[in-house]
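What follows are several structures.
After this come two complexes, each holding chain A, first together with chain B and then together with chain C.
Presenting the complex of A and B:
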């Protein structure tokens, strides 16, 4: 097989860009939480799976199409995130980063094993929007196309919210300087609740779209959180758009490694990239030097 | 801390009880005690790097799995079991030196993130290297190669005691003081002349040797190994929860944590593995939020430092 044919390269590039957009949606939520709250949420990918399982339940028991269930699942997970921040995550804000790592590791263990209890360890998927669109010699998988485009739209909607609206500016103010934000009359705790809820809702949206592309089990989160960490370290910790670029880059690199090598090696790419970046720049490519 | 005499006396009693245990106990309880001692050793190993220095390792099961594989590959070649044990520790050493050299330059959270994926990468690597490891179907050892359960028990016992003695020796030494200085404020420790990189590397390598040896003993006792069992996330989870629950950075905390968690598992949770791990998650979360010093903190009579100092630098963003 001639791997270097332009069509195949283009095919891999498109596949990588689409998967990468989904990674970007997931990772920018994680980065938002880190930027605003200085909390590293190891359980972030578990919220993606929460979204995926909710969509699966809605599909199996009520025959709701995943694209429709987005409108139910995303607000529901937003609510869960809101409550969880208030009751739990708020207590680790301002503590050393390792505290938030260990606490959210606990949350992740609870969510994964609750998932195993309820859904068992077999793989689930939602077979909707199957097939591919063929343009000339290119074949683009329909669910990937829809998921990729939607992921880009959602990520930029959140970006615009942060850039343009008054509330979004308040979020950025808290990320910049919580103390001064308080003096300016911003309810910092409410902003943190909003930020966390928004971030896990983004993860849930990614999870809903994931159901159409991959089969997933309660353990699937481990691969994704690894990718997220690689992405936010490549893109810069706390930098919202950086996570977007990092996500797209990882998607493309994975697609090419998967295309020229094996898919199993593609799984290890995220880790190797992560370690490589950490070795070149111990604080990440655009990371903040003052993070302890 | 417990007083020095109480500490030594309870240690002596514990060692005597465990040394005569095989004469009294049946196979089932001896097997349970072997696993308990293995968890004590693993907990102490994690304590050596993460408890002492605050560098949280989410990937220590990797050394354990590599020790298991080293023994499983060498035993069928006719290598005696005790040499396999040393080989297990040496393999862990061979991985930990370059790995520690690279990752310990990173500050705490970045080190934790780098270690998080290690176990998964090791599992993929071992699964893919089918010619050597038999891939996903694993390696089964024939029973005549294996030492008896009593031998496995005593070996695990020695490893657990050695691990605890190492932690105690470090704790009471200048080296231990330097490690704690790194945990509280690495920059300041560096400033007063602590060779932080050398210290962290030494603690990391020590903490890798023990799981390597314990993994080798485990495979002789179970007679079977596959990638999913060798690099199980549950091993990581148990190690971390036991230390945090008992009291991280202390000598007796990991022993206490391992004993209590294994005891609870035996009494309540053995039938429900997922519920068991879920409860460990709840335990970890509760300890981190409400009792950061673990159970040992409850025994602390004299507080040498104010709690807010012991809890480390506060960086509350809203000032």
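Presenting the complex of A and C:
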């Protein structure tokens, strides 16, 4: 069968890697918040859409290219995340999981409906950076390539921040044990604000790039958040790198299942993979054993 | 005790006032009831549909009403939810005691609302549903206005056949409406002697079509048809360009029919065909005039939801005029017998109330504009065929 030609396989692999790295950018933020705060942010994908809409507004009304608007949108959403953590999320940290689930679900509902009020349920997109780079038989989508590469860079940058810098170590300390972190003189609340802001800013960055790939409306988030949940469970709840591996893995597997099976099955793969990983490794690929 | 008396007397006054107003209203006007999506998913389309209803009411009353009586519209917000819609139709029929009913927006809400109307044996003109399933339940009181999903692609397939195309690649989302479109395509293609060489369903959350496109490239179909909505059709066309998928026709059910398709894709939209229920430019008597008035009143071009709202009103008006009363049985009989052309197009139903008179209109993006290409008598532009290869753009 023609599908087994090396170029086709390579094409599928590239498509999968690019989609996967965008998943990874989105999911690692969600996992970071869970790891540090034990809060599952159901509104995470809505922050992605917030980024997407800000980029769309900047493009339509000020003709700013989405890649440039990254520099405006990401800090802006970072600020929004910072304030939201202080005013709302901080109050549900340390409470039973259901409390934070309800709180973030509420945030999600408010954001979706605010989006519907302001932008209506029309689908938006930004026709920039279209087309593909063609190398011989291979065609690599320009927007997906840029999005994929940027996603890897951003995720890796945050990873380095967590591993190397003093502040990053403080974040990990809070994730490890908030109480001991406090005793060590770490301003835990500040760290949580930073973590949440960073996570939603990553989601916003994914959203900005989504504008050139896909058409979105205020309720597009639901499709993405479900996949994100599967990814962080596959990768390991609370583990930053785990979400990255999980995202890339899902992207590649989806591409191959879509290529050799049907696209319908590719959609189910996330959940099949989820069951498989849970059976073999209940804590996920890089999961923390102590997460209850 | 005095407080109780005061309350009681207030209650009595209220009831009396209401009875009086109902009695007064009864002698002077006909009441039309509808639930409209004013919040939730279809808030915007619902708003447009409501504008259509209201314009019709204003126009009818300006003409002196129907059978010498004025029309009055009673509407509630169904929040785009079937369960709320069902409750509201119950309320409209039993509490508001409306004389005439117009259906809600979307196939899902119509499914629920039509069951309530059927229970009360109350004829309802459905102004926003295109799923054939609604008319497969043996109901006698639901009258469709929209072209059915199953015949959406018929004109484009006929056009393709006439231009010598033989093979069709069919893709569609795994939800009710796209599946109906796909079923229609399979039937029509077989009837025309064309071959469906690729047939694949995809999930609602699909954002990546590259695997599908790679497989399609190996098969080289003459035309690609998508039973799709806007996000999937734009994503597919983007990736078709990226992966250099070529076909002589690309056509999608929902997507190219909306102005956003061009905004989202830019020049890549050119040459893509699609469907529309209605356009302001359609050469139907009254459509142009309606659009002009609508734009003057609401400040934007009417979409097909507005056109459908107005059309539903016209159908009711014609039925009441024919029945010479608002008696449910007479109106139902009239609705079955009607064969008229409203600003929304032809209205003619079969024995189940299913719309069979209104054709599917095909559109194509030509030089950044959405033009009606088929059927010929309604066209604003000749079809541009074949689809221009990506390398020559």
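A few notes on this one:
In this section, the second predicted complex is superposed on the first by the 262 of 292 C-alpha atoms of A that agree within 3 Å, B and C clash if a C-alpha of one lies under 4 Å from a C-alpha of the other, contacts with A are read in each partner's own complex, and residues count from 1 in each chain.
Everything that follows uses one rule, which is that contacts are C-beta pairs under 8 Å (C-beta built on N, C-alpha and C of every residue); 3 or more make two chains touch, one makes a residue touch a chain.
The structure presented is a predicted model; accordingly, all values stated were derived computationally and were not measured.
By the document's definition of touching, of the two partners only chain B reaches A:271; chain C does not. In the superposed model, A:127 makes contact with chain C only, not with chain B.
Of the two partner chains placed around the shared chain by superposition, chain C is the only one that A:259 touches, whereas chain B remains out of contact.
Of the two partner chains placed by the overlay, only chain C lies in contact with A:220; chain B stays clear of it.
In the superposition on chain A, A:184 makes contact with neither chain B nor chain C. By the touch criterion defined above, A:108 reaches chain B but does not reach chain C.
By the touch criterion defined above, A:92 reaches chain B but does not reach chain C. Contacts of A:116 after superposition on the shared chain: both chain B and chain C are touched. In the superposition on chain A, contact of A:157 is made with neither chain B nor chain C.
Contacts of chain A with chain B, set against its contacts with chain C after fitting on chain A, overlap at residues 116, 223, 226, 264, 267-268. Remark: chain C residues 40-45, 171, 174, 200-212, 214-215, 218, 230-231, 234-235, 238-239, 241-244, 260, 263-268 touch chain A in the complex. Chain B makes touch with chain A in their complex at residues 54, 56, 58, 102-103, 105-110, 112-114, 116-118, 120-121, 124-125, 127-128, 233, 237, 240, 244, 272, 274-275, 277-278, 280-285, 288-289, 292, 311-319.
Every residue of chain A that touches chain B in the complex is listed here, in rising order: 37-38, 40, 42, 88, 91-99, 101-103, 105-110, 112-114, 116-117, 174, 178-179, 181-182, 188, 222-223, 225-226, 229, 233, 264, 267-268, 270-271, 274-275, 278-279, 282-284, 291-292.
Against chain C, in their complex, chain A makes its touches with residues 2-3, 8, 11-12, 15, 19, 116, 120-125, 127, 130-132, 134, 139-144, 213-217, 219-220, 223-224, 226-227, 254-259, 262-264, 266-268.
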